[in-house]
Amino acid sequence: MRPENRALDQLRPISIETGVSRYAEGSCLIRFGHTHVLVTASVDENVPRWMKGKGKGWVTAEYGMLPRSTHTRNDREAARGKQGGRTVEIQRLIGRSLRAVIDLEALGERQIVIDCDVMQADGGTRTASITGAWVALSQACAGLVEQGLIAKNPVTAPMAAVSCGIVDGTCRLDLEYVEDAAAQADANFVLTQTGGIIEVQATAEDEPFTSEQMDELTRLARNGIAELCEMQEAALA
Amino acid sequence: MRPENRALDQLRPISIETGVSRYAEGSCLIRFGHTHVLVTASVDENVPRWMKGKGKGWVTAEYGMLPRSTHTRNDREAARGKQGGRTVEIQRLIGRSLRAVIDLEALGERQIVIDCDVMQADGGTRTASITGAWVALSQACAGLVEQGLIAKNPVTAPMAAVSCGIVDGTCRLDLEYVEDAAAQADANFVLTQTGGIIEVQATAEDEPFTSEQMDELTRLARNGIAELCEMQEAALA
Amino acid sequence: MRPENRALDQLRPISIETGVSRYAEGSCLIRFGHTHVLVTASVDENVPRWMKGKGKGWVTAEYGMLPRSTHTRNDREAARGKQGGRTVEIQRLIGRSLRAVIDLEALGERQIVIDCDVMQADGGTRTASITGAWVALSQACAGLVEQGLIAKNPVTAPMAAVSCGIVDGTCRLDLEYVEDAAAQADANFVLTQTGGIIEVQATAEDEPFTSEQMDELTRLARNGIAELCEMQEAALA
Amino acid sequence: MRPENRALDQLRPISIETGVSRYAEGSCLIRFGHTHVLVTASVDENVPRWMKGKGKGWVTAEYGMLPRSTHTRNDREAARGKQGGRTVEIQRLIGRSLRAVIDLEALGERQIVIDCDVMQADGGTRTASITGAWVALSQACAGLVEQGLIAKNPVTAPMAAVSCGIVDGTCRLDLEYVEDAAAQADANFVLTQTGGIIEVQATAEDEPFTSEQMDELTRLARNGIAELCEMQEAALA
Amino acid sequence: MRPENRALDQLRPISIETGVSRYAEGSCLIRFGHTHVLVTASVDENVPRWMKGKGKGWVTAEYGMLPRSTHTRNDREAARGKQGGRTVEIQRLIGRSLRAVIDLEALGERQIVIDCDVMQADGGTRTASITGAWVALSQACAGLVEQGLIAKNPVTAPMAAVSCGIVDGTCRLDLEYVEDAAAQADANFVLTQTGGIIEVQATAEDEPFTSEQMDELTRLARNGIAELCEMQEAALA
Amino acid sequence: MRPENRALDQLRPISIETGVSRYAEGSCLIRFGHTHVLVTASVDENVPRWMKGKGKGWVTAEYGMLPRSTHTRNDREAARGKQGGRTVEIQRLIGRSLRAVIDLEALGERQIVIDCDVMQADGGTRTASITGAWVALSQACAGLVEQGLIAKNPVTAPMAAVSCGIVDGTCRLDLEYVEDAAAQADANFVLTQTGGIIEVQATAEDEPFTSEQMDELTRLARNGIAELCEMQEAALA
């Protein structure tokens, strides 16, 4: 009944290819089905001005979509002269999520900037971005340890993200675009490998949904994220 | 142990004063303790361009803080020339929440614009805004019915919002600023009077939290929102 | 003949309520009839960069209207991404007027920022803003003296502002909106209690007016401002 | 005692050269001493959108300074991406002043856009701009009559502008930059040839001034403007 | 002597992979050594407003670099709120070049928008973009013919672009970044397969160069572009 | 056959009037027929932040057109809030061209800012700007030598610019607007007096042109520029 006969609790085909950037300190191309996001992690030895002298580091993220990553072309945000509300919301979410699993003091007074650029979009770009961002961030941190700049890797836990939703009355894992567009509710989960909650955002589209449905969405997410964390680990190995 | 000896499941003193604007079709000044938000609902007989001719209405919201609503003065967004990421996120949340409890076809091809302006901020401005916005929207819709412009009130359900959080290891309802600043986790709930879920946003501040804690936050929110809906009803009576 | 039978030389009902902000160093809600402006004075221990090291302080002002302070909703300037010409003009006028009655050296190297936010507009918002701003500024300065940060209050004279205009051929004090919209000429006066001139801005709407009319407008303003200064004094007492 | 031994009631050397633009419907280069402003009037057969179908025309103005018109270079406003507050204020003043002496219905449904660009600035750029703008506007209107597009010239009265000020305790006509910088008060007058008031803007710089001083400034302006109107007439002849 | 022992008249390894976007009407990933550009062509059945009703089509281009496509991270233009001068220059060049080899009337009243996004930059991004853009444009046009929307392919000639430069006194084809940074002169050529000139931009870096050197650069470009056109043809086959 | 019977290799009447600005360190009004550009050179004793402490100077340029310099009025870029792509391209070209003939170390750690403002436009504004900019720059540098701030004039060579084009199949020097609008190709040359190449930009308008035509355009430019350099020399004498 789902496109390509996916089971309700089944992820799309996932791939995480690391080392895709010749210059970035960490990078991967992550694919959730036809959703493809290129993620880079850039180490900057300066922190933002408001953090100077606090002996702590910072992690922040930016997000963008190529104009023709979508079915019809969207305006380029650089040309329009501002980032849209959705972009701002997503990049704040990515940065916040990563900061929940990093020890900023152990990072030292430096900044890591994550760039998530959507090459192709078929639903779930923000959760794919977070999942890939954790990989690129981990790589960049590992590099700092290798170079002897910090003593231990400041990443404190494996973590990933996935979207779930209610479509045609059924709770489903990892919505693709056609499902997303038809969903009665849409929820994004950012969880640690062991189910610790980093961020949950659940939204009813047309009308409210029940807490039983919310529990089912949470269960789907927890299992999906456990799988994603294994793939992250494999990609980094 | 909470400021002013509040119980963990106790709301701050709430007041909702309607009719505070001489011109707006709906308005209220809502107070959650020292958080004061002025909300107006403006009926516009035109819908946005992209909705023209669809026979449906639209509800949208804007949010702002007076520069000195906070402990120290913040830059005026109009002077800086752009709305910050937090503002954009909040006003999108307010609009989305309201659209979940309104029948846009019953509203007819017109727009209602909600303005939430924070006069004074002591935590929970976004949830106070949503709670007040429902009141102002209901008033404006009632006015349309009275004028015979629409046949029935398009608001489909009572709804309110509240923030909860984990502070010093305890789950608490309706955080004020000092609690919010010290919270390990922070969650905003938008629910109907009967507990239907419209929006849930939960965020870990420093480290992940458990799903048991999430359940407790949800329980607190459900009770708080039931209380708030009674106050909304009283304010509109 | 004037709305509500006001005499030509009569102010609207005025009220000045101080202490309306929990956080600001000075504040008031000033009402000229249905025109309501919330004014705060914020002390900032830093001066703008271009004034550093000169041993003098600075006073500046910002002005805004809530989107639905007016009969029909206006776009939010923060959302449009720039302050309109009228806003810029008014806030420059407010700042300039205040600086004419303050000894910037006595203020010391710190800045006071005045925010005038129009809650409801029925004509005369800029003159109500200036009149209220003097109150908030005086309060903030008194606070600096009380804290022992400066030796004497740097405010050098009582001052207020009022608009006058020519409507239906008669010169009138303190125009409200319907009069303003029909005025042949419109003049804003900022004067000291004793009639010293700080700023005069007189504008013909359709055709030029005579210097005799200008003299009559000036006479009305001088009396109105003397009254306003008494109310300011009472509000601060 | 004044620079170059000018009398207190004496204008700087004035010249008004018309026809300086090959393309504009009206144009002049106006010089008040070392202040030089290039003014063009452009006829546009479309009115702004909000005026369509009202059977009336519109006159508006824009103002700019070349970056090195001043003693030290100023940033180019086009490069900074916004017009400063002073620019906005001045161009609003120019437009408003011109609209007080034009019959917008007689102009027909078309727009005249005045551009005032300061080539060199030595005080009084806004009043030179207005004085030159009246010339360019008159020329453009005369052209419309000549082409048979309108029946009569819609300009209703000769008009000019001049600045006056109080320097070293003396009231003076037509301040140049060194005087302006030292002035205790500064006033700009826009008057008709016969002394009708179009706009008066008087500002105390450091401390309030008296109404006797205001009267003297007005007297100086009235005489100066009568002279300027003769020069405008000569330039157009 | 050149990096990786390239001959002076030798291109870097080139690859052109088509069909890389699931949604775009034309697309390719073009690589000139380590310079990688993703190009899409989007067909839009609307022309820009100023072209409506002229019975002709339009081709335009936008260009961007991913923030970490370069050795050190650059600010994201969407975040800075404007496209830099270099970006604007490049995208104008791409669009102009393409319009020289397309029959806009044969294209019909529709627009093709080319997006060139640099994934990785190692010199020559603008010429790689043009070379790839011709491929994507050709594909999109072929699609229009296939769908029967136009009768014949409006692309009038094979065309490509390459950079040349003078480094250490020698003229070289297809500069990579380390050469570009050390070049005495830098020239970009856009030529047809048969050497017809579409655009030439030659720039001295430190001091002028001779017309003999210009001739040698032109000769190198002509040969390189003939090679590139063969690769384009192969990629489209 | 050309307008006003000009020969194909003939410049329009050229004049270069220096000393037109009372304040700028260098200035001229340059006329190529009806194209008039006012150029100023401003010496700034500070270099841009990114050049601090390198012991070298900088030369940069800005370009603008008065709104009514053209046949029909163009929007003012300061009012639109951004410089257009054409403006950005031209001012980058002017700055780059000047930096090719100045010894930035000999200039010392200071900046010279060139402003080119088009008073009237009839084709060739960018090349007139460059030609005039060299004069203003030379003047400003001579002034630095005279004041003893630098030992020798850092300008290394005489240089000028001219446009050429192919119109009605003939190659022509110094196109005016009506020719430019009808040109099959358009080329701008920036050369030293002796023919050294600083910048060449050649663009086909509708279809590619041949390298023989390019050679002829180059020949015309070389002769025209030699003439222009003599006029520059005369203007500076």
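Just so it is clear, A, B, C, D, E and F label the chains in written order, and each chain counts residues from 1 on its own.
To be clear about the criterion, contacts are C-beta pairs under 8 Å (C-beta built on N, C-alpha and C of every residue); 3 or more make two chains touch, one makes a residue touch a chain.
A quick map from chain label to UniProt name: A, B, C, D, E, F = Ribonuclease PH.
Since the structure is predicted, the reported quantities are computational estimates derived from the model, not experimental observations.
Contact with chain C (Ribonuclease PH) and chain E (Ribonuclease PH) alike is made by no chain in this entry.
Steps from chain B (Ribonuclease PH) to chain D (Ribonuclease PH), minimised over paths through touching chains, total 2. Seen from the C-alpha centroid of chain E (Ribonuclease PH), the farthest chain centroid is that of C. When you average the Cα atoms of each chain and compare centres, the chain farthest from chain A (Ribonuclease PH) turns out to be D. Between chain B (Ribonuclease PH) and chain C (Ribonuclease PH), the centres computed from C-alpha atoms are 33 Å apart. For this pair, chain D (Ribonuclease PH) with chain E (Ribonuclease PH), the centres built from the Cα atoms lie 51 Å apart. Centre-to-centre spacing of chain E (Ribonuclease PH) and chain F (Ribonuclease PH) amounts to 28 Å, using the average Cα coordinate of each chain.
Contact of a single residue of chain D (Ribonuclease PH) with at least two other chains is seen at positions 81-82. The ring of chains, read from chain A (Ribonuclease PH) with the first step to chain E (Ribonuclease PH), runs A, E, F, D, C, B. Chain contact summary for the complex, chain C (Ribonuclease PH) toward chain D (Ribonuclease PH): residues 82, 85, 88-89, 91-92, 96, 100-101, 156-157, 185, 191-192, 195-211, 213-214, 218. The touching residues of chain F (Ribonuclease PH), when paired with chain D (Ribonuclease PH) in their complex, are 21-24, 27, 34, 38, 40, 42, 44, 62, 64, 66-73, 76-79, 81-83, 87, 113, 115, 117, 119-120, 122.
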